[in-house]
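Input: structures, listed below.
In the two complexes below, chain A is the common chain; its partner is chain B in one and chain C in the other.
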Partner chain A sequence: MSYEITVSVNGTEYTDSVEPRLLLADYLRDTLGLTGTHIGCDTTSCGACTILLDGSSVKSCTLFAVQANGHSVTTVEGLAKDGELHPVQAAFHEEHGLQCGFCTPGMMISIAQLLDRNPNPTEAEIREGILGNLCRCTGYHNIVKAAQTAAQTAAGGS
Partner chain B sequence: MVVQIGDSVRRIEDPRLITGNGTYVDDVVLPGLLHLSIVRSPYAHAKITRIDVSAAVNIPGVVAAFTAADLADQLGSLPVGWIVEGTKLPDHPPLAIDTVRYVGDAVAVVVADDKAIAVDAAESVTVDYEQLPVVVGSEEAQKPDAPQLHAEAPENIAFEWEVNGGDWEAAAREAEVVVKQKIINQRLIPNAMETRGVVADYNPGSKQLTLWSSTQIPHLLRMLFSAVTGHPESRVRVIAPEVGGAFGSKLYIYAEEVITGIVAKQLGRPVKWIEGRQENYQATTHGRDHVTYAEIIGKRDGTILGLRCTVHANVGAYLSTFAPLIPTIYFGLMLAGQYKIRAIGCKTFGVFTNTTPVDAYRGAGRPEATYLVERMVDLFAQEIKRDPVAVRRKNMIGAFRRGHEVPTGVMYDTGNYKGTLNKALEMFDYRGFRKEQRAARREGRLLGVGFSCYVEISGAAPSAVAASLGAGAGLWESNTVRVHPTGSVTVYTGTSPHGQGHETSFAQIASAELGIDIDNIEVLHGDTDRQQFGTGTFGSRSIAVGGGALSLSLKKVLAKAKEIAAHQMGVSDSQVDFVNGNFVVEDIPERSMGFAEIAWEAYHAKDLPHGMEPGLEATSFFDPANFTWPFGCHIAVVEINQDTGDVKLIRYIGVDDVGNIINPMILAGMVHGGAAQGIGQALWETAVYSDDGQLITGSMLDYAVPNAKNLPSFELGHTVTPTRENPLGAKGAGETGTIAASPAVVNACVDALKHIGVTHIDMPVTSEKVWRLLDAAGKARPRRK
Partner chain C sequence: MVSNNFEYFAPETFDEAARLLAKYRDDGKIVAGGYSLIPLMKLRLASPSVLIDIGGIDELRSITSNGGGLSVGSMATYYEISRSAAVQSAAPALAEAAGQVADVQVRNRGTIGGSLAHSDPAGDLPAVFLALGGTIVAKTRRGSREIAADRFFVDLLTTALRPTEIITEIRFPSAGARSGSAYAKFANKASHYAVAGVAALVTLGADGTVTDARVAVTGVGSKATRAKRTERILKGKEPTASVIRRASDRAAVELAGDVTDDIHASAEYREHLAKVMAENAITSAVERAGG
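Right, the complex of A and B next:
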């Protein structure tokens, strides 16, 4: 049995026929070919698959594709606008906020949302804000710095 | 931009990774791709009495199912690549033949058109088991009545290894103090954020088999795959695409690599296997798992005279590729640490148990050794009531630049241990802290500081030495520098990064040496059809050995280019200098040729020196004469909540000396991440098995990977003591943090609790353990107002 869904992903509308058990993460990766969203666990623990659903960060392995029907999704591929990196992306590069890069898309999405809600977070607030995203490479030090730098860039740029 | 060694060049890898354009193995899609799912044993030890795949193959969408019997002629035993004397080598079949020996042992595979169908169908495979008795602990497994895993290994002993240096009896006669301690270095799960995965594609026309694998060792994997399956090495191509972290756990040949490759060959269609996380916890190697009985002896004035130990190292159900190396060479030979210890002894038992195989995990043996040394030094200092820093300083080996041999027989290259200790103390204010600690204790707050002065072995290389110690393959590294006719450069390295940033640091070295724009240099890695040869990335070897190979190639390229320049400018080679990317005639600066110009001439070949072959490229194999020996001093400060026993790491200082630094930004990132893993072991991480061999910490919900809130920001410093073992003067730098951190943090916890008589706490130092200690101390605990 399949259901037809229409989802806006990074500003483009897609209509597909999907199995009800298809996870949103698999829909994005396998159906749409947006492989920047990664899957790192099977218990909603790691956060590698984090995306924005109507502007709120969610773990796309914990939603079915059918639940995204009629909603709007932003993935890492949609962070940059008109060829300009999102301030969080630029800051991850500048502050060496990534090593293997596997957790990075989900981590950047979480930070983008954090800064959206709290443009000037303290270090403690940043650490709290990325609790749902695990990184095994960086010890979080430079991820926190990247979030701080992104906050400064965003403040300076507005 | 021409960059220099020592610049914090931003990473070349980043743009694709921050935009979602990296290609990890699960992102590889081929036409007609099939998905493979593995049926794994739910029992830790059992006889297989029957396997029935018929229900699975009848499910629509299922293409095939295989058991060991179906693939017997192509599935050899998985090999062991490092064999210490007397190692028992029972068969390690990629698919279990008649017995399963750990939960997760592969039993059968199902292949389907769709990932979900493959997983469903695997559930439909019926396997009948007859359960056998189980043993999970290394000490228990050595008991005479323990269940036996392999007929070839009585008492489950896979290997016994020993080192004895110096005269223990003489040292013991002088000793005034003996401190003994049982120390457990618990089992860990590596937890690379990307699990393992394989895509295999067989071309029946060319008979080439291509394997995309999330691996640290494409070339070794090609060789071992060929050895196991009989498929010619020349017709195997291994590609390591983006690899999402590894930490040692992707450094082996795994059953799934062999199975997926052979199934693709059998079916003539591409096949993908992607490991689930819970599957990863069972099927990918674990780390550490030592039970150690240690003894330190010395004098009341603080002189350490001897250190010895007996180690029961759990190797799991089978020997993984490098398992015998880790608790022997990389552990026992490292027990001198930074100290002038007269006598050192180590006896290691590698023991089979009904658990996931144990092999290298970041640091691999050296964290276990450093933890042992630095814990025992603290226990000794506590016993003689002396300051732990003073005891370390008293016993420290003095600065040396031309080698220092320790009783275990290894030769450190260069060192200045007091230098890193002093630098760390400068950053810390030790005296101020002790004052604060006393004041805090009066207020009912428990503060503690811990020190860890380490020396480690990195850049696993000298092949002849390694072979004499058990290595089954050479440990050189290979590199090609190819200058294109238009002057851009491709660097082919046999190292295989998975987060270390080689594309940046290797390009940086080439840019500095050749004096050309770093944007004109591309570094390629991780593909056996591109890089003729390579060994891979592990044991902090890539810059020390791979960087050395790159330096050799660059020198060869420059020498040939200089010859061409001299010839074309009509002077002798000795009259030409290479300055800022130009070949300049001595004393006549206006007579010069640029590097790109020479590149063009090398290929145009209209006017080359007599007998010179056209082209401008060089390939090198670098096999240094010794390992490199990084060192440093890390300091941890903790605060313990005496109501809950919760430990909070409030400050972390790391001073490392890794010789010359190529890219300080990348180095700092390595230390941050490494320290986080060592801190994770000290405070939270542990893999737990039930007595019947079930992995209790079997998912990311149950195993504590450190999160952002657990950790502080790090304060780093360094000193620079170059090595003479490679042209760059650089030592390995990938594991220092992990090696240093665990003892620093545990020493800090003990320091916070020593006023109530605590001398040792086994890792992880959980709030429960601490609370029980506080509770047992009763009145010793300062009362709250």
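Right, the complex of A and C next:
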């Protein structure tokens, strides 16, 4: 049983024949080789596999690749543009927003989603925005700082 | 984790989805957002041989309100519901509950129709649906029927939905002037499922007494359940803090013998949380009703 899908990933269209049960996270990692999307818990809890689907953050371990047929996906590899880090990536670098780095791609996508909807979030809103992402290093403090710095950068501050 | 394999259909119209479900019946399963069904499929607790994805049927997404009430399409996501001005004004408890479901990613993907059809014992929306006295519109290829909230939840993960029916719309009656609704929950810290969640709808008369109250509890027993004893205590009385406290103390009476006892909370603690959440929800609902 296979099903042909066409998915736009980070601006490039891919057409592949997949088993319906192939998870979107596995499609991105194994079929397309985009291993920036991590799989942590595999149970919709940890958020390491978070990507944008048509601009909305979702957990790609809990979607079948066929459900993304005809839709547009952004992974962490699609955040930087023209060799320039995305403001959220630059802020993670600046604020040391990662320790082991495993949760980082999902965290950055969630914060990109948050700032897209709410460019000037409070600290509480940032923590609410990353509720679906777990950092087992418990490095939340600097992750929140990175989100604040990214908001300032995006607003044109220094 | 990998689910069993299945055949996949992505119909673009409701009629096509209904035709497919009529054809495959118990072998087929409707998938909306998938955030309740796919975890079960990965654990192989559910193994449908045919998956019918209604995500591409745009007509199921609309949210509209008029004098008669609020209509929410079954494919409206928690995020869309929580942000909808129509929902916030007509059914604040629904917007409040949708905004507290799990996390941002789940709210972006999960739908009201999926939540109600799945009928998770710790789901948030079932309690709100009961308290607000909603109605489900369930359609097949041949026709449609309305199912009242009080008749919808049958047992653990079991609803009155028939094998060939698809939820297309959820209707909420207009609550009228001097009505207020609210949802309060004590969430599991990791999953944000309700350890205990209570939705309340309160209507006040001209003299400030409660003319109608509907209260429903989720997370505590095997399905979302009306707290009718609590409602009866509230009705006809001025909703003072002590009346609300006395009514809330009875919030888990209907669930006696069916209170969940697990690693997240003992039965005794769950019952206690139900009372506290009832007090919070009723107090907010009364405030919103202008009491």
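Rule of thumb we're sticking to: the second predicted complex is superposed on the first by the 154 of 158 C-alpha atoms of A that agree within 3 Å, B and C clash if a C-alpha of one lies under 4 Å from a C-alpha of the other, contacts with A are read in each partner's own complex, and residues count from 1 in each chain.
As a working rule, a contact is a pair of C-beta atoms (placed from the backbone, for glycine too) under 8 Å apart; a residue touches a chain by one contact, two chains touch by 3 or more.
In this text, all values refer to a predicted model and were calculated from it rather than measured experimentally.
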- Query: Taking the superposition as given, does A:V58 touch the first partner, chain B, the second, chain C, both, or neither?
  - Reply: second
- Have a look at where A:D16 lands relative to chain B and chain C in the superposition and call it first, second, both or neither. neither
- Query: More residues of chain A are touched by which chain, chain B or chain C?
  - Reply: B
- After lining up the shared chain so the two structures overlap, which partner does A:S45 touch, if you call chain B first and chain C second: first, second, both or neither? both
- After lining up the shared chain so the two structures overlap, which partner does A:L85 touch, if you call chain B first and chain C second: first, second, both or neither? first
- Task: Identify the partner contact of A:E125: answer first if only chain B is touched, second if only chain C is, both if each is, neither if none is.
- Result: neither
- Task: Using the superposition on chain A described above, determine whether A:C100 touches chain B (first), chain C (second), both, or neither.
- Result: first
- Between chain B and chain C, which residues of chain A are contacted by each of them? 19, 21, 42-43, 45, 128, 131, 133
- Considering the complex alone, what residue numbers of chain B touch chain A? 10-11, 13-15, 17-24, 26-27, 29, 115-116, 191-195, 242-245, 247, 276-278, 498-501, 665-666, 668-669, 672-677, 699-701, 705-709, 711, 713-714, 737
- Task: Name, in rising order, each residue of chain A that touches chain C in their complex.
- Result: 1, 3, 19-21, 23, 42-45, 47, 50, 53, 56-59, 62-64, 66-67, 69-70, 110, 113-114, 128-129, 131-133
- Message: Touching residues of chain A toward chain B in the complex: what are they?
- Response: 19, 21-22, 26, 29-30, 33-43, 45-46, 48, 75-77, 79-80, 85, 89, 92-94, 96, 98-105, 108, 123, 126-128, 130-131, 133-144
- Item | Residue ranges of chain C in contact with chain A within the complex | 1-8, 10, 31, 34-35, 38-39, 41-42, 51, 53, 55-56, 79, 102-106, 108-109, 190-192
